[in-house]
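Each in structure tokens, the structures are laid out below.
Two complexes come next, and they have one chain in common, subunit A, joined by subunit B in the first and subunit C in the second.
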Partner chain A sequence: MKKLLGVTLGILTAIGGFVDIGDLVTNALVGARFGMHLAWIVLVGVIGICLYAEMSGRVVAMSGRPVFDLIRERLGPRTGLLALVASFLVTLLTLIAEIGGVALAFELASGVSYLLWMPLAALAVWLVIWRVKFSRLEQAFGLLGLLLIVFAVALFKLGPDWGQLLHQATQLHPIGHEGWATYAYYGIALFGAAMTPYEVFFFSSGGVEEKWTRRDLGTERTNVFIGFPLGGLLSLSIMGCAAVLFLPAGIQVGTLGQVALPVVVAFGKIGLAVVLIGMFAATFGAALETALSCGYTIAQYRGWQWGKFVRPREASRFHVVIIVCLVLAVLTLLTAVDPVKVTEYSVVFAAMALPLTYLPILIVANDPDYVGRETNGPVRNAVGLFYLALLTIASVAAIPLMIITKAGA
Partner chain B sequence: MSGRVLHAQLHLLDRQLIDRADGHLVGKVDDVELDLDADPPVVAALISGRVEIPAGRIAEVESAVTISTDGLDLDYYDNWIEHHIIDKIPGAGDATE
Partner chain C sequence: MAVGVLAAVLLAGCGDPDQKLRDNAAQTARTAASDVNTTRLVVEQLQAHRLWIQPARRMVDDAEKSLGTTADSFSTQQPSTEQSARLYEQVNSTLDDAVAAVTAVRIALGNSDLAAAERQLAALQLSGEDLDQVGELAK
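Up next, the complex of A and B:
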């Protein structure tokens, strides 16, 4: 049992990273428009995040230094500041979207407008961060988020033509009236969502919160290699459900209700209840993850005391950053901006911040000062460099593609 | 500390500072002051924000720099925020449950 609970950090990180409000919508949207023709991107993303999350986890277990410590140490104060501004803004945008997502899940369950739920959601996120122990938070929302496996079960229940889904997945090109530009744009969105920077911020800082040492290298790896592939599987299930139900009917997905629809079609009201609880847990978990990451990044760049392993008053600046971010999130959402649109943009902006986040991890994972004898081998370095090239291409192409495709319209 | 060769930029600059007494994080090494009169030049002090940390306070240099903070005012801003904001919220001094 203790072993099982030991992997909840990875599960929460992955569920928060892979099936937060943005991915729930993006995966369903992509499934409805492109079928499984973009599924390979999820696979590429899972391998990439496994590779780099493992490196960041290893550095934490061997040296106790989380990712943003490394970014400042290796990039210096100026480039480090650029990385901080970029990744902080992306994480804040995501936090705004997640708070909106929690409120939308409550709107679906209650019929009461999300605008009323939203301040409550933000308050609840703050209360959990202020009062609840890290390991408890991780277990509750990680395990509850697993309810989203209902998408995989629903896919089986819908009884699709598996051969056709597989055929789609091996055809790496756009279909119907969709062009290459929109195909590439959504490809980058999926890739950015899979490797979004706050996943490594949260995972590595979580390792410090959990007080990992070199003896926890095994736990760290189990977390990575169970958590992230599981997140990827959930992503593919959501995409598959949409590909089966919406693509043939030519329906476009733009709301959280539509994302849940395949499960309702498969299992009726029980399905709706399960999927709503799962969506709540995933978005709430991601809200916690992003709110904490806002505090982690700034505090680690500046060298402030941070973390839930000390009393709030001992990490006062860290907690003030989190409170300010939550207030900003509420104020932004009160302008009635569409939370779903906010995430769609945040994922693409995330793609731009990616190389600056991952380059220092790759460098330090080769530095014996940090990781002792646990440095990267030649294979991991080769794959790591390959991914760095991919991340750079994605970051350069993100904005031009956004303009050309009018944000995927 | 005598005798160990450190690359100031690689091993000191931008490293995390840790308080030896309680393990708390107390800032970053923003700059390094060298004593150029010595031969070879040696590190005279570390600068973090507005605070100067004499080299004698350095206890350990690893992936972070451990120092003894007695009498140094490294917590000024953290204490200010603690007293004016965080302490006003119930539960600020409690461990999480």
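Up next, the complex of A and C:
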């Protein structure tokens, strides 16, 4: 019974923790401009993140060591450094976007400018990381993030023509005034949002924090293969709400307030309250994850003591990295840069860094020195390589498409 | 590679100026229509008591800022023929109407005057339709 409860809790946490500011903004933006014509990218992204999250979780469960530690050891300091720099910068950019997202959620609720909320949000992130246990922190915000299921319920309440939505989802081409370049650009953004590198680092480092062993492989796989796809359905429901309400009205999504509007139309003030708490939980939870991931990647690469399973005093450099990253996030946002724009760029840059993040994981997951007999089978390797090719195409095409489309304008 | 990039840049600069302005006007109108329609949706939700005034103010503020940026950006265009000058005037006038309607809503909400905001619904509807028409120019 206790085991079942643990598995259920893990799945619910994975669902609630799947959606962050990148998913909220990108899915709503894409739904408003393309309807469900890019929904297939979410499906491709979810399969990809399941594949590689399972690999990294397995590496941790079998070796008891975090992925970045092994990347450096297996591939050498230079290649490891390349992967570190790319992943760290993207995670830092994502952290900036998440802190901005928390502040924007508070701004919507209170009317007080997000510039005032943002230092408080960063301080709260630091305090929670400093004081709260890893498992509590992960579960509390993951479960609270489940409130975003209100998007799925709102989609039913808006009474869409389901046949039309399904028809859109099966038509893989741009619509109206949109060209192929813009379609491809937002496809890459959605892919980047679904496969953000920090998700894998947080997932695998979390495995070390929670002392996974071979016996936890089943739980790990259940969380990944049930929790993440259900999280993907949540992303699709955000896209669906935007497709139903905004596409016919010619509304393009550029603010967090607009993302929440379909829920307001469906459920009024109560719906708004629920969605704002859900948005806060999703962005705050992701801010914790990205801040921790910044610390994890650098500390693991450098071989420093890290993690929340030791006292902060014993992992002082790990905590200093987190504090520096939070300060950098606040300073960046204080320039009054639009957090939603930062989010849009962060998912595209995430797409650029994807091969550097996932190739080393594929290599380590095939090394019996680390995973024993649990190396990838031929099917997993074939799918892994196929995804690596996709990631490389997305990575190479991201910047040219950003220039050609003027960042999707 | 370099020759290709140069050719692309030159071709981009040598397009029909009327067509370029039409494309720009259409794009501008679609972006502006989005802000106008967002404002209208927000006011309708307020009218139906489905939204608190605080988040509504925030959403309309955002829409007004975005609309202002869009209108300012279009006004810097350089019409080079009589036909494009007429289009330029028409689009600027439509954008001015849209900005005026959204600003009126923002002021009304700032004063917690819901009745005044609701009175702008017709103007927002009209602006949205005008912008939709301009948005179809590039087709």
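Simple rule for what comes next: the second predicted complex is superposed on the first by the 390 of 409 C-alpha atoms of A that agree within 3 Å, B and C clash if a C-alpha of one lies under 4 Å from a C-alpha of the other, contacts with A are read in each partner's own complex, and residues count from 1 in each chain.
The criterion applied here is as follows: a residue touches a chain if its C-beta (ideal position, glycine included) is under 8 Å from a C-beta of that chain, and two chains touch if they have at least 3 such contacts.
Here the structure is a predicted model, which means the values were calculated and not measured.
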| item | value |
| --- | --- |
| Superposed partners subunit B and subunit C on subunit A - clash or fit | fit |
| First, second, both or neither for A:L272, with subunit B first and subunit C second | second |
| First, second, both or neither for A:P312, with subunit B first and subunit C second | first |
| Subunit B versus subunit C as contact partner of A:K157, first or second or both or neither | neither |
| Where the C-alpha centre of subunit A sits as vertex, the angle toward subunit B and subunit C in the overlay (nearest 10 degrees) | 140 |
| Subunit B versus subunit C as contact partner of A:S110, first or second or both or neither | second |
| Contacts of A:R131 with subunit B and subunit C, given as first, second, both or neither | first |
| Chain touching more of subunit A, residue-wise (subunit B, subunit C) | B |
| Minimum Cα separation, subunit C to subunit B, after superposition on A (Å) | 35 |
| Of subunit C, residues touching subunit A in the complex | 26-27, 30-31, 33-34, 37-38, 41-42, 45, 48-52, 54-55, 57-59, 62, 66, 128, 132, 135, 138-139 |
| Residues of subunit B defined as touching subunit A within the complex | 11, 13-17, 24-28, 30, 48, 62-64, 77-79, 81-82, 85-87, 89, 91-97 |
| List of subunit A residues in touch with subunit C within their complex | 107-111, 177, 249-252, 254-255, 257-258, 260-261, 264-265, 268-269, 272, 409 |
| Subunit A residues touching subunit B - in the complex, by the definition given at the top | 63-65, 69, 72-73, 76-77, 80, 130-134, 136, 299, 302-306, 308, 310-314, 316-317, 319-320, 369-370 |
